[in-house]
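Structures are listed in the sections that come next.
In the two complexes that follow, chain A is the common piece, with chain B as its partner first and chain C second.
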Partner chain A sequence: MRSSAWLRDPVAASLALFAGLAVAGFVAIGLGWRVTARTLLLAAQVPAVISGALGGLALVTVGAGLFVVQVGRRLAAVERAETEELLDEASALLAAAKGRRA
Partner chain B sequence: MVAALMVVGGTTFCVLPQARASTATMALSPSVEAWYEPDPTCSTPLGCVSTEGLPTVAGPSPYPAGTMHVATRAGQEAARSYLSFIVPPLADLRGAVLEVPLSEDPADGSVAPSSSQVLVCPFEGTIVPVEGSRATPPTALCATNARAVYVPGPRPHLHADLGSLREQLERGAGLALVPDPAGPSAATDAWHVVFSSHGRTNAGSTPAAVLRLLVASDENVGQSPTPAAVPHIGTTTAPPLRPEGMSAPEVNTPAAPIAQPGTPGTTTTARTRAASVGYAYPVVWLLPLAFVTLVPATARALTRDLAPGPRRTPA
Partner chain C sequence: MTELVVASRPTEAGGTGTSRTAHARSALLAPFTRRLAQLGSVPRWLTWAGVMTSALGLVLIAVAWGRAAALTTVALQVPYVVSAGFTGMALVIVGLAMVSVDAKRADTVERRHQLRELREVLVELRQALEDRP
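Coming up: the complex of A and B.
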């Protein structure tokens, strides 16, 4: 029940997507290491290092960066929602006080 | 819609190429050959005489230039040979066979090749083209080995199934041909097999050894002449990489000129050949589709209102 509520949260899918990018980056780094380690041929090692290590590093960086940005947006949205809620309650209290005077 | 696109793309780019995949054979000649003979002092009752600090240059080889040797004399190893290959990056190496055409000419040193007991062991490291060197050769890693079987006809050769050495070959290891120390040999056994290096060009010489790689590939491997440079490693001529059926070993190609001191203008040329072997991971063909999917998804995620669910109204 709790998990399904979390899944319905609009931020969940995007956080999963960005975390997946970072994980894919680590996988790319691992594959690059695997290809590089299995041969002594420099011509095979260079593309593996470039595609695996550098590409993987880029994926990790982009994924982690977007993850942080999204978490920041989420916190800002929560803060904004709480502020609006507070203003709504203050407005309701003000209206109630005016009605009592009248 | 996007998911359907991904499925169609996956089917097109991944499944179908694998369905078309077949096996092809690639033949490689050695890039560097060397043969070593043990220090003769090691066979004395006193053991090896230390030659530390002394030059390890042996006298001139008594055998014709360009011949490689593996031999046993009186049950003791008398010669071993090392072959180095440049194996291109292959997505799926399924097997390998080493064929070593033998010279049975006694003038080359051949003695009773049919009774030879030769092991093929991997070795790591580099070798230089030496003949009859008494320097310490690279360590042959015979924990994993393959037996080279003598095949008498139509042309006598050694045949070794290197299926057990696939991983070492993929890593770029070379092959050492050593007398089998555990073979059925007596103290009086003596045999001597001789084969030619790839640079031996004199008339009547046997072809050089050939390493045949059985690879899983699409039509490109072993059939496409598309050149893509295989790098040159070391100081010797890069090996010709040719598809099966070109019968290159039978063709006597002139040796590349070797630079001699005092002969300006003479250069060493390196022939480079190559094969298109495709991507190591065909799934990379899905990357454009993943990009097309991820960019809109990311844009939507970054512009979506992330406020938590509907607010509870105060009672």
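Coming up: the complex of A and C.
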């Protein structure tokens, strides 16, 4: 029940995308390791380090960073909605107080 | 220095200055301890998972260092740097992200609780106003 509600969340797709970026980063690091472990030629290893390892690390950083930002935005949106309800209630209270005075 | 002077002087209530200072200090810390207690009620498994992930990353970096230090050929060192070093770094980043997300979540839970309480107070106040003849 709870998981289906989570899936309906509009943020879920972007969160899955960012988590996928981080996972892709780990895969890229693994590919970089495979290429570097296959050869003893340093000149052939360096491109694999740059494209696989550094690129993978960059993907993990970007994915994790965007994930954190998106979660923060989602939590802030929930808070804003509750603050809006609070303001509605305060307005109703003010209206009630004014109605009593009149 | 001021605290020492206060501590040596007896209070009007008969207590010592030391107990008064301690009381004032505990009163000062009360909001923080209350906040900590509230934070403690929030499940924090994600924080622990993040810390463990970061620790695993640091261990992997240490393993990479150990293996690379044992070799003198750069071409043999590079695979360890890539597999353990970069993976360790990535795990540290992911672990920190998990801790950050959990901290934000815990803060939001607390703030939502406060907002809900405030709203309930407003509802009660409005009902009291409307019910008053």
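Points to keep in mind about this one:
One rule holds for everything that comes next: the second predicted complex is superposed on the first by the 91 of 102 C-alpha atoms of A that agree within 3 Å, B and C clash if a C-alpha of one lies under 4 Å from a C-alpha of the other, contacts with A are read in each partner's own complex, and residues count from 1 in each chain.
Here is the rule we use: contacts are C-beta pairs under 8 Å (C-beta built on N, C-alpha and C of every residue); 3 or more make two chains touch, one makes a residue touch a chain.
Everything quoted here is computed from the prediction, not taken from an experiment.
The superposition on chain A brings chain B alongside chain C with room for both.
Touch criterion met: A:T61 reaches chain C, while chain B stays clear of it. Of the two partner chains placed around the shared chain by superposition, chain B is the only one that A:R73 touches, whereas chain C remains out of contact.
Comparing chain C and chain B on the residues of chain A they touch gives the larger count to C.
Residue contacts after overlaying the shared chain place A:R100 against chain C, while chain B stays out of touching range. Within the superposed three-chain model, A:A12 lies out of touch with both chain B and chain C [touch as defined at top]. After overlaying the two complexes on the shared chain, residue contacts for A:E89 are found with chain B and with chain C alike. Touch criterion met: A:A53 reaches chain C, while chain B stays clear of it.
Between chain B and chain C, an angle of 110 degrees opens at the CA centre of chain A in the superposed model, to the nearest 10.
Put simply, the nearest alpha carbons of chain B and chain C end up 10 Å apart when the two models share chain A. Shared interface residues of chain A, touching chain B in one complex and chain C in the other, are 39-42, 48, 78, 85, 89, 92. For chain B in complex with chain A, the residues that touch the partner chain are 86-89, 124, 167, 170-173, 229-231, 233, 280-281, 294, 297-298, 301-302, 304-309, 311, 314. Looking at the complex, you find that chain A touches chain C at residues 22, 25-26, 29-30, 32-33, 36-37, 39-42, 45, 48-49, 52-54, 56-57, 60-61, 64-65, 67-68, 71-72, 75-76, 78-79, 82-83, 85-86, 89-90, 92-93, 96-97, 100. By the touch rule above, chain C contacts chain A in their complex via residues 73-76, 78-79, 81-83, 85-87, 89-90, 93-94, 96-97, 100-101, 104-105, 108, 111-112, 115-116, 118-119, 122-123, 125-126, 129-130, 132. Chain A contributes residues 5, 8-11, 13-14, 17-18, 21, 31, 35, 38-44, 48, 66, 69-70, 73-74, 77-78, 80-81, 85, 89, 92 to its touches with chain B in the complex.
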